[in-house]
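After the structure tokens below, expect a handful of questions from me.
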Amino acid sequence: MLEIIKGYYAYFFLVAVFCIGLFGMMVKRNLMKKVMGMSMVQSAVILFWIVSAFKDGATVTVLDPARAVEDADLYLNPLPHTLMLTAIVVAVVTLGVSFALLIVIYRRYRTLEEPLLLEKMQ
Amino acid sequence: MPVTHESVIPLLAVLAPLAAIPLILLSSRRPNLREFWTLAAAFTACGLILSLLPGVLAGRTVAYDILTISPGIALSLRVDPTGLFFAIICSSLWILTSFYSIGYVRGAGEKKQTRYFASFALCIGATLGIALSANLLSFVIFYEMLSLGTYPLVIHKETRESYRSGRMYLTYALSAGLLLIVATAWTWALAHNLDFRPGGFLGGVLADEGAARALFLLFIAGVGVKAGLMPLHSWLPAAMVAPTPVSALLHAVAVVKSGVFGVIRVAGFVFGPATMQAFGLDTILAAVAAVTIILASVIALRQDNLKKRLAFSTIGHLSYIVLGVALLSPEGFMGGLLHLANHATTKIALFFCAGAIYVNLHKTEISELDGIGKVMPWTMAAFTVGVLGLSGVPPINAFVSKFYLCKGAVSSGQLVFLAVFLASGLLNMAYFFPILHRAFFRPGGAGLHGHSEASPLMVVPIVIVAVLSLVLGLYPNALVHFFDLARGISQSVMAGAAAPLAGLAP
Amino acid sequence: MSWLIEVFLFVLMVVSALVALRSRDLLAAAVTLSLFSFMAAVIMASLGAIDVAFTEAVVGAGAVGVFNIVAITLTTRESRD
Amino acid sequence: MMTSHIPLLIPATFLLAALLIPLAALLWRRLSWLLAVAATGLCFFYAVKGLAHVTTAGRLHYHLAGWQPPFGIEFVLDPLSAFFSVFVTGVALLALIHAGRVVAHEVSGVDMGFYALAMLLLAGLSGMVVTGDLFNLYVFLEISALASYSLIARGDPRAPLSAFRYLTLGTTGAAFYLLGLAFVYMSVGSLNLADVSHLLPDVGDTRPVLLGLSLMVLGIGLKMALFPLHAWLADAYTHASSAATALIAPIGTKVAAYVLLRLMFFLVDPQYLRDQTPLPAIVGCLGAAGMLWGSIMAMCQKELKRMLAYSSVAQVGYIALGIGLASPLGFIGATLHALNHACMKACLFLVTGNFRVRLGHSTLPRLVDDLRRTMPWSAAAFTTAAISMVGLPPLAGFFSKWYLVLGSIQQSNWVFVAVLVASSLLNAVYFFRVLERLYLTPLAPPDDTDVAAAAATREAPASMLAPTLVLAGALLVLGIFNAWIVSTFINPMIPSRLGW
């Protein structure tokens, strides 16, 4: 039992963060809160990739003469890391666009609360 | 198998009315030129169709594949006796209707005449396509075109009532079309073939009775809406709000007969008599048709609106044909085919008369027709011919077909249907003769004073169709060999082989 | 025992996420969210993804934090939920 | 020489154009439009050339920076991607030509931004189509998504909020896709599409793969507005400017559908998927539900654009239904419907744009039958597209439905058949409602101002009318030549393991 927890606890936490983020997006009425929930979802996914790429006892892919070069188990796969760099950039750009939209909405309606917004739009 | 010849004539015959549409639309400001296009297309189409007759009588089949529309299925036209039979009826009556239409719309001062003539041409083109389709998918395509083309004609008056009828018509027609598409797709999935074949092509592939019934019901629902089978008929009386020539050609000839023609195709050329009998499908069809005949005649008795009464009469007579097909006896099938032609000439005469009365005297109700026979003698004489024919009085043509229908009922041993035919004949008299009584034996009111016959553009076609009915009654083989064609078709369908028409040529 | 530290970091991350969503003061929420991103960066570092960790720390915690704060100053600080 | 670069050239040209347009706009404002049209035209030319090459000489691979797959990123033009890139660029070209006047009319002042974003959107969409790498696909997905959020935000006053909603849901969809991809990558160890589909049969434990695939399908389902994930679509399409809607609506959801086709027919064995998992059945059922729900919602709308948006939900359902059948006929139906619907929806939205430019609105109850006289060609184009949407032969819409019906019958799936029939009827109801408005004298006397506006208006300018009519004509051509399209282009792309 402990072994399962030890092996997979990171995934449980990530699922929790993912769900918290989704909850924020769905339930929270403030648009800024929705954005925050969205960035939590994104962080959870990015971390998920990093966690899944982790191997116990392995290190970064920098050639170490002390280690065997041909044993792949001794090195972490660098590909997920590089991919997540891209994903982080994408996430930040998305946030930038959403903030721009929020500012436009606020300037026009002077509020970020969804019920109030819908009321004012009628 | 008879030799099949490649020829573009069937395609040209279908395209002639369709090609007239842009010309009609373009000459909307010049009515005479516009009407010239209509007439030119009508004569061209009819001439092309008739030019195919000798070949078909000599046993040749003419076909033309237009293009492949789905892998393995071509949009193709084929002139077999059955298709030609229907095409001749439609194209020849279109000429008469065109003249009559010109007289009618000008006499009644209808709006949007260009749209009227364009839609009319579309309908005829689609009907000819239906008649000459070589396979089910081509049939479906033209069938849907016809549904679409009729809509502007039904709502032509643009009143609240006509909009309601138009929507009703569209709902019925489109649902039916979709069911037909599903049935066609199912047929393709079963047989990987959609080509019409005398005697049917589903014989070997249908094993399950439930599936056979379901498929048949889908087909019958698909074509039965246009054929006015109860309970799918209610659009037809509603569509009588359309101008009378529309009712005449479309609701006595082209549209409803396309539905009946579809029944013939499905029963005789898709399922085939043997398969129908094997799964008891003929009983279903015959029962529906018999009920429709009786009910429609009874309802017709209660209508005061002349066109509505004619509409219910049409529903009844369409089911004569369906019942004839469902009897699965050669005489019955032949009687059904002949009735397809004979009902067309007689019923169109009646509708023409109704239109002439409306344009001339603005009367639509039967109770207003007192003494009208003296004012419009030619019209009412033609009306009498039609009435006598539909009631089954010799020597009008409809007597011949009714005779064969009755013979078919006898020879198939189903005497209950003989009773249906006879009872319906009596009911026909019951709802038609009061009209004649009012027209000829009651004194007319003061309102009739000063009126005379309608314009010659209308009266001449009326007289022609009446004479035609008479001639076809005296000589069923006159002019276009309807009798031989019908006999050949029914034999080939019953035998499950191609038409043994060779030798019947003049 | 290093995994216990990671568990602690994760717990902190979840808590900061919850706090950020619950806070009615958006500015406080934004700061908590930066903490959330920082925890994510530390976890990444402990999992051997040093390069991603640095990026996350700079971009996720830093730049996004600034974005948040700018956006909040341009709009409003209050939230009803 | 150039032919082998086509997979790269299509997205690269769009990206380059996106960068050049702001510079060009400094010189002359109209130049940005010209540049956008020219770039799209060039890409359309590339795509057609690529399709010709793929059909005659086989698929095209381009290895980015010379790295061999599965290590490097690969751009592939196979029959499917070549087909999609042709109609995506083709429809985009027409929409952009049309956009010239609409942008000036509806969102004037920001036209440079519009065209730059449009190029970015097209770069993303065409990139999604040509890429052979699953992570690269995510990147292009986000590029196109970001561009479309920004495009949608420019419109009427409610546009920013609908764009924001689209953004949150779209980002969630992308996150689901990325999460699912992590599962697949964990199990297979490759991101190259061909490589993954090659390695998958050897994977021992398929549960993570199937979980990952389901998550990816969920994410893509959000992007393509698969019922019940369509909530963003109606608002986004309604409130955006007509030009943005006309660009995004026909092709945005189609490219998402393309990704779904890729995932469910090429990444995994569709028959294995159908027999072992409920995933295709779920996709098909959601498609069927969307067909009914979208049509019913469309019937209730008073705004033409909103009606068309809900109709899109229904039409996406057709594609999903075809994908859910997981059979060759379903594949043909889905692919053909993607093409047909792109043309139909583009045509309808372009006509809506024509109405908006000339009348200033596209509200159904305010359309009067004078439009039939004053804007005859727009009305005719709308009629053609509407009849095609209803599915009457010989227009294009009939044939994709025909294949779907055939496919459903082949599997004896009578529920799908019934839904197809019902949805076509509902389509007829809401489209004939519009046609009655356009062609028939209204029963209740309309507002005088509307009559006056309609009577005083003129037909749309040539630059708007021409694309509309081209699309309307294309519907007839696509319908008539559908057998040729199916046998020449679609049959070769059916995965061989489906056993066609």
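Note that the chains take the letters A, B, C and D in the order they are written out, and that residue 1 is the start of every chain.
What we mean here is this: a residue touches a chain if its C-beta (ideal position, glycine included) is under 8 Å from a C-beta of that chain, and two chains touch if they have at least 3 such contacts.
This structure is a prediction, so every number in the text was calculated from the model and none was measured.
The chain occupying the central position, as judged from C-alpha centroids, is D. Looking at A-C and A-D, the interface holding more C-beta pairs in contact is that of A-C.
Per-chain CA centroids place chain A at a distance of 10 Å from chain C.
Centre-to-centre, using mean CA coordinates, chain A is 29 Å away from chain D.
Centre-to-centre, using mean CA coordinates, chain A is 70 Å away from chain B. Taking each chain's centre as the average of its CA atoms, chain C and chain D sit 37 Å apart. Shown for chain C are the residues that touch two or more other chains, of which there are none. Annotation for chain D: no residues touch 2 or more other chains. Residue positions of chain A touching 2 or more other chains, listed in rising order: 80, 102.
Across the complex, chain B is touched by residues 387, 390-394, 398-399, 401-403, 405-406, 409-410, 417, 420-421, 424-425, 428, 432, 436, 440-441, 443, 480-484, 486-487, 491 of chain D.
Listed in rising order, the residues of chain D touching chain A in the complex are 135, 138-139, 142, 146, 149-150, 153, 157-158, 160-161, 163-164, 167-168, 171-172, 175, 178-179, 182, 185-186, 191. Chain contact summary for the complex, chain A toward chain C: residues 6, 9-10, 13, 16-17, 20-21, 23-24, 28-30, 32-33, 36-37, 39-40, 43, 46-47, 50-51, 53-54, 58-60, 76, 80-82, 84-85, 88-89, 91-92, 95-96, 99, 102-103, 106, 111-113.
Only residues 3, 6-7, 10-11, 13-14, 17-18, 20-21, 26, 29-30, 33, 36-37, 40, 43-44, 47-52, 55-56, 59-60, 63-64, 67-68, 70-72, 74-76, 79-81 of chain C touch chain A when the two sit together in their complex. The touching residues of chain B, counted against chain D in their complex, run 67-71, 73, 75, 140-141, 144-145, 147-148, 155, 158, 160, 163, 167, 170-171, 174-175, 177-179, 181-182, 185-186, 188-189.
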